[in-house]
């Protein structure tokens, strides 16, 4: 996925209802899996065709359809048709570049948010678009590829008597978003560890690679923030929404998510300040080291300058140059020069110049 | 077009109802073209005189009048008269320096926005003012010169059964604004490519032209932002407007545009930060290179300073200078000097001074 | 006029109803001139005493009383008495240091705004306080000295059938404020031309006078902004005001003024950024030029240092110094030295040090 | 008074109703003085005991009780008792560290604000806490020590027929606050004069004392702003207050105070920017002067380096060194060296290096 | 406690109702102590089991249960059960990383805030999470470890007739929060003293340890602010809350806390500015000292350069070098050199170069 939103010449002016996949296909076949549950029973299985979900359209259970892979327009259109959703919503699912947002429709709520996961390659973490559609009895989640990020929720669902089993689709949505945001905090922590371990390097090492590392973390942090901050807006508009699908009782949970995301943003802010401070420390260290070297070298030269002048004086060829004829002239010159050099050293030391 | 708003002495105090064209005429003759459509039929043609639009004033079709060229006050006044619009609105069309805004009148909504397009000359993109008047059955768009920017909408209109054919003038306005904003993102992408390609240059090249390039992109980016940011205000006031001509159903589309423009602004913000970072990297590289050179040269000089002093000592003409009479005095001096130079080199190396 | 608000010890604690002129008297005698008009007739004349305005207190015309000179408390008190206005309002007229603001009273609206005009002296523009009182049938404008700034409005008033002739005092107020704000844009343009013309100077000239010029423009721009920004608040509160004297129909005009002033503020913001960039460019150019000189000089010195050492060696007086007895010793020394110098030059060149 | 709020270990957790004086006692005995007036009569006298105010509790006059000295808890408690005020309010009077604020109680309004006055000692101005209690017929002002700051109001009160004599306690409060805020502007003016007079020093003097002065004024300005800005909040909440003791008619006066304080804040902002600019100018001047010196010295050295090399060449003791045997060899050497030196000077001059 | 919020892989996706202690256990056994009081009687004692609180569930007394240690899920669950509180609230108590916030539930108000206390170890202060549950007749406070921070409140409770004895749980909550916030101010004061004492060090000492100290205080201050600022939000939402458990009469006390915390934030802001200024002063001092040294050394060298050249001239071996044969040539040379050196010194002095 591109790090910043892009438009090609061809994409300009396309209808928002067009089913156009703009991302990079990350999975071969679309996988559909269903978890259907109420307080007493739970059923988990993979399904082959979208139409299999139709039989879950009975009132009293919550049905979670997870879709891995969003490049197949046919499947998305079938979902729209079967659940009588506006095609516009499903077309939005395909737009992986979309900015995180929550939208309310007549018969559903649509959420689009970024999932961040640690990554061992050049970039420190990877980004994936997650879309969620919430209706009264269905929650449909769309991921770009197969992943195990939601396994903790699947585990919690298997335990009976938990609140998640007796609540509706909105609580399930909260549980999924909770995982997404916990991952934000987890990733900030990973990045934070690297940033804090830089601190020690800074004291012993002024190699230029340190500054590249700082710049790299700064870039990662900025990118991370750009994905996290709109998620806060999403949650704020979710709380304000007077939708039938979000029970007011669950507002306390969504407010907790807002607190978490605020916490995450503030922590990332702190790391940004730490990086700025590290940059300043790096430059201060480098320039203070350079200054020390230059000062040493200059003082070293300055001590030799009058000495060289003196030997120059006795290298002149004047006919009448009495000192060179003194029997101990040469030794006297050495003594004078050593006294001068020591005098300068003491003077500079006293002035705390080195 | 001037990059910043200007007023000449003569323009001060002119009535807002005065038809005064303040821009640079970019087309010889004003071109009028009409697309009239409803769900079943579509008709596209050029018209010669404004009065030809009168026959489209029947209720059930949408009529899109596109006007290329805005320097002809007579034509604008005829439009005002034929569609019974306030002359003030049409006078505004002529003001190419206007700040993007949306205004609601009794029988129409007036939009003014900047169109940005890539440009191969000194500046990276050109700016054109676009004015749109929306009534119940007419949408009139005013461009400064003939262009093909709206062709994708013309294509979509030709296909029957599309939403655009069954919707009103407000959806058509959305489609046009969508293209304008997609172009913003497209141009930010072009500029972004150039900025990102600078990154590599920075590592190998500290020529002063790099800094000029950075400053140039910074200026372009600022200018771009100055044109994009007010467009967001326009969209926000469009959504808030309780006009009869903007159906509430279409709010979701305008909100999507706001999301897009937010995305564009954030991306431009990111590029601004990247440029700032690049500037800092450039200066750091230049100054660190200079420091390395100066350090090398200083160390080089410092090593020769005591050596020059020593040869000075043996250039003195003292009568009693025993060392010069030693048979191997000269060679001993060389050995002493080489040992001293090596000693200093080792000392500096150990102190990691180079 | 002082550039910043000041209070002397004597001015502290004075009643707001006190008629105290705090500015510098700019005109000898107060000049009163009247323009009285309705859609059909217009009458323009100078009047001697304030009481002459009483006869215009008939309902159906608009009477514009322009007062040049605000140092005469008697005249201001007569106006208050004749038009039954609160003396507080007229006392405010005398306070030339007042911050631009709009206040609503029972029987009038009071506006105070700064007029900026180009100036050929040390400062680039001069500031004058303009106060406007709007009642149902009177508009009274107070200027510090006689000026021709409002002539365009006088011209427009003379033409029959124009909107200004059929509208009330609020439209006249709009026309006057429009001129004031157009002058802001005009002056920003003048300052902007000077700033942009600096750009070229910067490339060829690193004289210290350039930096003084930049600082001077920065100061002017800040002062200008300080006068313009409160005018925006004035307009915003004017639009929000539910006064009987401001017809809602005219809100569109005042909103246009807000757009203009926003535009002016943004343009001034852009120039501020340009000035900041120019400062950075200046410093970069100066320091990069200095670095080039220092690098050249250092390299020049470094090349001579080993050569001076070599000639020092052959200036020693050792009895046994074989090289000086070689027949071509002197020429060999020259060759060695030239080779060394060239070698160093090539090495430095290859390292791209100059 | 400490410049920043402090808490000792002992002060933590004390009840807000505790009468604890936290400041520095600035007066020995508490002085009580009364001015009682209505439109016709005015009586001014000192009183010995608080209970003397009881006889003024008749309806139709305004009674201003001024208390100099706030360290005596007994007196404050007596006031609370006699006027049936909540003890909490009087306890607040003792807290000289309180942040300026306005609070509304059932039978009074309580204001706490900082008074600034010029000072001839180390700091440029001194701070004193002023508390004001407004009831229907009483205004009680509490100062830390005896002062003449409110004399102008006392003078105005003595003149009959003035608005202040016919208005209530709220107008009296306005008059007192007006003096406090006028003093803010007066002090900013004093500081501003000093700052502006620095400007000239900067051009001729790069002594380090200048930078200490700049830092000192910066500190004073920040401290001043910290005391002024909360006063604005106080006034804003006073205007919003729907208290019986603040007549709506007087809102215009309090709004004027808000304008004044905005003006003061903006002026202080301007001086802050001027100080920042002065700092930059100082550093630019210093570093540009240093660069000039270093450039001169370097060029001076560089000119001698090749000359010293040349004389070194002819100081060598080669047997075969033809030039030294030329009859005019010595003079030729001098000519060559002078030409070289001049050539370098011309080259450096042409390159505009000095 | 970690300085920034962290999530381990295992903590992701856990239900908010899970009783999971995420902090570091700071106490072995959970301590429960009760203070039960009304206007007449007060009872203070430690209790063994949670169920002992049940007997205090009579209407007319206030019961303060203080819990030291929050790692024991059983005890928290018992509290939830006995007082019929939602388990979610008690689960929140265990989350020591939570962001300070106030939440309203059906039968209670839940507060979570950070307590800061001075610390003699590496960090200047330690952080502890404080949770408070307020019901009509109970206030339950949860601390991480046993502490004496609330002793002043315990003392105040023991005195009869005090307001705290006749007020409800909300006033008790105010008293506890008051102590927490007073401690913020106390700690800022301690940090402030250290920062202000740095000021003098800066004038005499440019050792690198000073900069480390500045950076350390900056980090502490940032961390402190990060804990204080959300507490302001907590108080603001507490004032806005229309809970039955917070009487409107007590709003004045909570507003006072907001004033205090604003004061604390502003003071910390001031110290941040002081630290920034100190950093700038440090760098200015260091660089100005370095410049002085370099200038001295350069001037010193420059004076010797022409002298060394002159002695070089008379060291040449030209056959025809008349000056060396003058009887006083050597002395004349010394005089010339001394005059030159003095001349240069006077020139540099006159130019104010040292």
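When the chains are written out, they are named A, B, C, D and E in that same order, and each has its own residue count from 1.
Methods note: contacts are C-beta pairs under 8 Å (C-beta built on N, C-alpha and C of every residue); 3 or more make two chains touch, one makes a residue touch a chain.
Values in this document were obtained by computation on a predicted structure and should not be read as measured data.
**Student:** In the chain contact graph, what is the shortest path length, in steps, from chain A to chain E?
**Tutor:** When the steps are counted carefully, the minimum from chain A to chain E is 1.
**Student:** Chain A and chain C share one sequence, so how far apart are they rotationally when you fit their Cα atoms? Give it in degrees, rounded to a multiple of 5.
**Tutor:** 145
**Student:** Interface overlap for chain A and chain B, more than half of numbers shared or less than half: same or different?
**Tutor:** different
**Student:** Which integer distance in Å separates the CA centroid of chain B from that of chain D?
**Tutor:** About 43 Å separates the centre of chain B from that of chain D.
**Student:** Nearest whole angstrom, what separates the Cα centre of chain B from the Cα centre of chain C?
**Tutor:** So the centroids are 26 Å from each other.
**Student:** Do you know which chain B residues sit against two or more other chains?
**Tutor:** 294, 298, 301, 308, 312, 315-317, 321
**Student:** Once you've mapped the touching chain pairs, tell me: line, ring, star, complete or other?
**Tutor:** ring
**Student:** With chain C as the start and chain D right after it, run through the chains round the ring.
**Tutor:** C, D, E, A, B
**Student:** Taking the touch rule as given, give the residues of chain B at its contact with chain C in the complex, in rising order.
**Tutor:** 4-9, 11-17, 88, 97-99, 101, 103, 105, 208, 211, 215, 218-219, 222, 226, 230, 283, 286, 290, 293-294, 297-298, 300-301, 304, 307-308, 311-312, 314-317, 321, 323-330, 333
**Student:** Could you pull out which chain D residues touch chain C in their complex?
**Tutor:** 150-153, 156, 162-164, 175, 178-179, 182-183, 185-186, 189, 192, 252-253, 255-256, 259-260, 262-264, 266-267, 270-271, 273, 277, 281, 284, 288, 291, 294-295, 298-299, 301-302, 305-306, 308-309, 312-313, 315-322, 351, 353
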